[in-house]
Structures are given as structure tokens and as C-alpha cells.
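Per-chain numbering from 1; labels A, B, C and D assigned in written order.
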Amino acid sequence: MLDKNGIAKRIAKEVQDGYYVNLGIGIPTLVANFVREDISVEFQSENGVLGMGPFPFEGEEDADIINAGKQTITTLPGASFFDSATSFGMIRGKHVDLTILGAMEVSENGDIANWKIPGKMVKGMGGAMDLVASAENIIVAMMHTNRAGESKLLKNCTLPLTGVECVKKIVTNLAVLEVTNEGFLLLERAPGVTVEEIQKATEGNLIIKGDVPEMIL
Amino acid sequence: MIKKVVSGVHEALEGVTDGMTLMLGGFGLCGIPENCIAHLVTLNIKGLTCISNNAGVDDFGLGLLLQKRQIRKMISSYVGENDEFERQMLSGELEVELTPQGTLAEKCRAAKAGIPAFFTPAGYGTEVAKGKETREFNGKMYLMEEAYKADFAFVKAWKGDEAGNLIFKGTARNFNPCMCGAAKVTVVEVEELVPAGSLDPNQIHVPGIFVNRIFKGETYEKRIEKRTVRTK
Amino acid sequence: MLDKNGIAKRIAKEVQDGYYVNLGIGIPTLVANFVREDISVEFQSENGVLGMGPFPFEGEEDADIINAGKQTITTLPGASFFDSATSFGMIRGKHVDLTILGAMEVSENGDIANWKIPGKMVKGMGGAMDLVASAENIIVAMMHTNRAGESKLLKNCTLPLTGVECVKKIVTNLAVLEVTNEGFLLLERAPGVTVEEIQKATEGNLIIKGDVPEMIL
Amino acid sequence: MIKKVVSGVHEALEGVTDGMTLMLGGFGLCGIPENCIAHLVTLNIKGLTCISNNAGVDDFGLGLLLQKRQIRKMISSYVGENDEFERQMLSGELEVELTPQGTLAEKCRAAKAGIPAFFTPAGYGTEVAKGKETREFNGKMYLMEEAYKADFAFVKAWKGDEAGNLIFKGTARNFNPCMCGAAKVTVVEVEELVPAGSLDPNQIHVPGIFVNRIFKGETYEKRIEKRTVRTK
């Protein structure tokens, strides 16, 4: 079973040379730490920066330079700043190659819910609806089950949707899955996790084809 | 050159009255018009509709207006950093229209650019689409979104000149340029106000035509919401 | 009767302090020469400049700094350059206070034709359609009649339209007229021109109320 | 940083084939991609659709492609400076779609920004409106206009860095930024190509994400169409 860093590490392997990548808050943010050093990748943050670097050294933080998670950041050579309309022009116009974000629920047809629990949590969708509606390539990073032990990979989402039929791949603490026309295709098992355990934790239709390999991190 | 400079925040906010719709720049607490917000609080104006990506935190930014119950309705994309906001919203005291962030930016830009409506895929198939026209283009579904209508836009820039030309710094740019010219009156506060001709005409982020009033803010706290550092 | 400079001089009186003005090619360009020096006005050119100044001195012209008429220009302190989408955002968004342009025909309801003569002239509309569709305040600068002596102020335009019901005021070599619901309201006569001469040169409905003053230049 | 630099105009134009739709920046002869146009002429590619505000003059700019009959269709707002163009158009050899200038710019910007369609008042009640949906917003009539679809965009910038970030000079900016990212492949030629990190991230006109290939143009004639001066 993977921890959050493990999930981030596995997702980092999906990042290819020349990609512009948008990372959501939470586990996705960790992905930046695991991207191979021999490839060129630029991180976009929807509040208006391309070419994000690491967090600043103490004392060097600048209130005017933050990421979408409101954390202080730095920029790398070749970076640029721009306004929000331009930023979402990048996103809506499919110029960002890969979007990685968290979710509360994903359905077997690729619907995603991650912004609202009626009567309870109302943080808002931020840029998530724009991101999932436009990205060609969306990977969801999340735990396979919620705190109550219930599956987050469902036949149908029960929470208000963020987007429909948009998720392509899911990496959880238990598995890597692809969203197909027939449901969740199990691609890889997390180290030490059995197909049966994944099956038990998946409410939506799980497709198992032949031997499912254990993921290599 | 057409002069835009006003004497200070008092003159800058002349004409703001109860029930108006205001746009406010900023992302989180980054690039917010601190001086305008502080003065709005003292004016005791009520029943406002505020279009702003976020709603500040409990004791800073738009949170100050929320605490004084000056806001009737918020139009935002993300409000997760503000307990008072969540309380007023869940209790029904505050009307809230949650809008995808890119749609919010584009609705401002459309208002500024004389585009009454446009199509976007964001929110299709979700509750954001309720009551909105949907249409297919090239095999994909889109929502029609209309431009915002606002009375005042409050914007924070880094440098500005007497002709109203603006330059922003870093990610404090965010929604600020999109809101310039998107309301009937655009009020800009800057950290540094310079004579016309001091800024390179090639490097203006927002031309002065989109700005009605400009002044130098008295102080800037520039609070950091999530100071995150690494060790050497 | 006015010459082109006279028309420009009369129109210049319509330019008020604090106006952003877009000047079309031809007579409108001349207006800049006659604007009072004690008021602040900025000229916008739709190819992407605000704060246009006079033509450059010989040897100081820059191929990268031109107006919409493709003439070399200079800029004044407070000027800015921007892209075409931003420029027409200014125009469409009604940020430009006054548009002055030429016309081949204007109808008594304010329609304007100035971009095409079928089978003959096909220069294109350039930015004229955007300008006339959006400007709150449009003044047409033109000769009252064409080279064949035919009226250019018509009941209905015969040429393909540039915009409908948009012209507010017309300044010709003979008169100043306002477009009203009932037709062309005669406001002023050019020096030495009689109401009868104006009537004769106007095909559309001409409204004459009381004594029509001679214009003061 | 993602590298965008190609060896020169030859590599920059790889993949351009007969019948493609091209966008070309520039206003008149100002800010046109001279090197790309010159190379297109030598490639002898035919049946092109060109989206460009103007069509050059008889012996420069897009006029060179027109003379060689490489263009099947022009989409422009103003073509008054080119006799060969007018001749081909009136004779029916050349298909021409005349589009209001602001609509042309916005259709590029929409393509770049993932907006499939928008409403504009320009052209309402004229022949430009033929076959287009019209709609009333706030008591005024508008046309629906759709985003362009193009295979290549050819853009001229002043300075560019290895990451594809661009800065333009004066009014040579015009349509160039609007076309970056509006086609499947965006090719940019620059007068000066600098290492990544040389340009102030705050002063980038077009972020590199909208650019696919960038190279330094060999020479720039920068012809002036209407040299106009005053005497001292």
C-alpha cells in the first residue's frame, strides 16, 4: 500500500519530457518532488505563473509570488507571470498537457466530484471545473477509500460533480486504474496489495485482464 | 495625456452606495486592493454584491466586509479559507454564487471587451450549468456564460502612472487586469505612482483607458496566507 | 463652403477634455491638428497604440511604430502599445469616447456605408464595423455630395452597409447635421452656404427648425 | 524549461502542406513574419487559406504568395493596398472572406483560449451577418462568431527566449500575440533570441506555452508602407 508520497512518486512517472503540468492542492503538489531530473517540465499554477520552482529559502519569500494553494514559491529561468484570463486561456485552450488533481469521488465513466459536500463543505470549485472540462490528460490522485472505509471509485458519483467523463487515469494508495468505456481497468497493483483487496475497495465496475503487475516505483 | 489621479482613497471611492455590485481584484490575499477595502469598511455601505475570486480570511481582505455584514452576495470561485464566510453561507445570511475560476476571469474580461456572452466547457454537466444554455461545438458540449455587470472595480497594481497605465508584480497580477474596465468605474490603488512617460509604453500591462481613478495606497500589509519555505 | 481642413476644424470643436478619440483615415486624421491645446485628449489607433503624437521628424521614423493608416507616427508621454484583441476590446467595450470616420453614404436613420462598392472597390471594412457597432458617439466627416454631384445623405443607403442606426452627427462641407428619429436635423450651415443649397444637396429628410445659424470655426 | 528553438526557417516550417490554413501576424507590412513568408514562397505549397489582417503589397509580404497563386482563400479585414489581390478577387480566382478587424482578432484569441464562440455587435445588419446567428443582449443586437481553426500560425516577435517567451515592439505587436497558440503549431521568428532567464518574467507579452517553435530570422527588411514625416 502506498502513502501520499508513494502516490505522488507513481504519478511522477506519467510526466513526460516537454510537458506543461498543472498540479492541484494536496497529493498532486508532491508530484513535483519526484519528476525525473533529466526531462524538461514546466509547472503552471492557475493564479498566473508558468515555470514554478521550489519553495523559497526562509527570509526570501515574497507575498506577491504564490501558487494556487496560496503558498510562497520561486520561479525558474524562463518563467512568466500573467493574468487570470490568460491563465485559463492556457487551460481551456488545451495548452497544458497534464492536469493532476485530487478527488472525493470518481465514477466508472470518468465523472469526478471534488468541490462540495451539500450542507457541509462549501469551499468552491476554484479552477477545478475549468481544468477537468478542458484537459486532454487528467490524472486523479487520491486514497482508494474515504475515512469511513467506503470506496471512492463508484458506479455513479453521489456528490455534486466537478466534471463529466473527463478522468483518464487514477492513482490511489492501492492501484493504478484507467477509465475505459466498460469501467475501471486495473493496470497496476501497489506493492503488497492483492487484486482481491482492490476489488473489495472498488464499488464501480473493475476490469481485470490477465495478470495485473505490481507497480515499479 | 488624460489625468486620472485622485487625492486618495476617500475621493477614489466617491459614488459607492448601498446595493452596488463591486469587482475586487486579488487571489487569496495576494494583490488585493487593501486600501479600498479598508475604506469600504469605514463607509458602512451595505447590501453589496462582490465579485472576487476569494472572500479573504476572517480578519483580512473581504473578510472585514463580511464581518460587518456589508456583503449581501458573493460571486467567487473558492471560499475555503474563511470560517465566517462558510458560517454565513450555510446559515443562508449570505447569498453565494460559486463560479469556476476561469469562467469568472473570462466574464470580467468579456465585460471589459464588450463581449456580452461566450461559450465555455467549464461546468458542463454540473450544477453550475443549471438554467444556462448549452450547445455543442465540434462534438463537445459548452455552456453560454454572460459578461458581468458591475458598478465599481477595485484593483491593486504595483506601479501606475498619471495616465492610468499599470504594471503588476508577480502573481499579484491575477484578476486585477481582467477587472480594469469591466465596471462602470475602475478605481486603482498602486504602490508607486509615477509621472506619465516614466513607464515604457511597450511594457504596460493595462493601458490607462481602462482606468478611471488612480491613487497611491497609504500602506500595504501584504499578508502571506501560507508562508512556505525550505531550509538551506 | 468648407474644404477638408474646414470640416476637420469644425469637428475638432466636438472633442472634449478627457476624451479618447479614434480617427479614421482621410479627413478624420486632420482633426488632430485642430484640437484645442488646453484640453487633454488621447488618440487611439486600432492597430495597437494609445497616446499617438505627431508624425516623426525626418530620419526618426520607425517601421515598428505606425498608425492604422500605415503612416509612421510618434507617441506622447503616457502612451501604450497593445495587441489587436486588446485594442478592439477598448473599442467594443465602449472605452473610446469618440469615433470620427469617413463615409460614402449615410441614411436618415443613421446607417452608414463606407467599405465596399460591389464589383468595383473591395478594400474591406478594416476596423470600421467594430467602431460603428460599438461607439457611443460617432461623427461622420465627408463631402455632402459625391463627385457626380449626388447626395451622400440619403433616405436609404444603396451601398453595402458598414453599420445600422449608429451615426449620431455628420459634418460636411455644407453643414452640421444630427441624426434624429425623423431624419437629418440641420444644426449649422457652413459659412456662406444657404439652407436651400443644403436642402438641394440632401436626398434624405432634412429637418429645418427656425433660423439655422452659420457655424463658428 | 521546455526548449522550443529550431535551427532556422527550414525546420520551422516542417509539416506545412498543400491546402492548410495558416494564420499570419502583422498589420500592413508592420510586424509580419518576413522570413517565414519568404520561405513559404520557395516551398511552392499551394491551395492555402491565409488568415491575416491584410494581404501585403504587390511585391512584399503576403503579396509574394498571391503572385505565385499559392493562396486559394484569404480571410482579412482590409486588402486595399494590393492591386494583384483586388484583381484576383474581382476575377474570382481568389476566394475572399472579409471580416471586421476586431472580430478577426477576437476569433484568433478565442481559438487560443478555448472559447468556441462569442457574440459581437460588429457587422450586425450588414452582409457580414449573412448566415450567422443573431441575438439580443440588454437591448442590443449581436452576431455569434466562432473561433478560427488553423494548422499553423506564423508570428513575428521582437525578442524571444529559448523557452518561447516573447516580447513585441511598438505597433508591430498587433495580431501576433492573438495568433500565438491559436493554431495547431505556432512558429515564431524573432529579431533577437536570448537564453531563458534573460527576460523579466513580469514583462513577457506571450508566455512560451503558446509557442511551439522559435528561431532567429536571418534578415529583416521592415519595409515602411507610408513613410510620413514632418520637418523640423
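Here, a residue touches a chain if its C-beta (ideal position, glycine included) is under 8 Å from a C-beta of that chain, and two chains touch if they have at least 3 such contacts.
Quick caveat, the model's predicted, so the values are computed rather than measured.
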{"item": "If a chain touches chain B and chain C alike, it appears here", "value": "D"}
{"item": "Chain of greatest Cα-centre distance to chain B", "value": "C"}
{"item": "Higher-contact pair (C-beta pairs counted), A-D versus C-D", "value": "C-D"}
{"item": "Inter-chain centre distance, chain B versus chain D - centres from mean C-alpha coordinates, in Å", "value": "32"}
{"item": "Cα-centroid distance, chain A relative to chain D, in whole angstrom", "value": "36"}
{"item": "Separation of chain C from chain D, taking each centre as the mean of its C-alpha atoms, in whole Å", "value": "28"}
{"item": "Mean-CA-position distance for chain C and chain A (Å)", "value": "55"}
{"item": "Contacts with 2+ other chains: residues of chain A", "value": "49, 81-82, 85, 88, 91-92, 134"}
{"item": "Per-residue multi-chain contacts in chain D, two or more chains", "value": "106, 109, 113-115, 120-121, 168-170, 202"}
{"item": "Topology of the chain contact graph, where touching chains are joined (line, ring, star, complete, other)", "value": "other"}
{"item": "Pairwise chain contacts under the document criterion", "value": "A-B, A-D, B-C, B-D, C-D"}
{"item": "Complex contacts: residues of chain D adjacent to chain B", "value": "106, 110, 113-121, 135, 137-138, 140, 142, 146, 167-170, 202-203"}
{"item": "Residues of chain C that touch chain B when the two form their complex", "value": "18-20, 40-42, 44, 49-51, 75-82, 85-86, 88-96, 134"}
{"item": "Chain A-touching residues of chain B, taken from the complex the two chains share", "value": "27-31, 53, 76-81, 86, 89-90, 96, 98, 100-106, 108-109, 120-128, 158, 168-178, 205, 222-232"}
{"item": "Of chain C, residues touching chain D in the complex", "value": "45-49, 54-73, 81-85, 87-88, 91-92, 111, 116, 119, 122-130, 133-134, 160-165"}
{"item": "Footprint of chain C on chain B - complex, ascending", "value": "1-3, 109, 111-115, 161-163, 165, 181, 195-197, 201-202, 204, 207-210"}
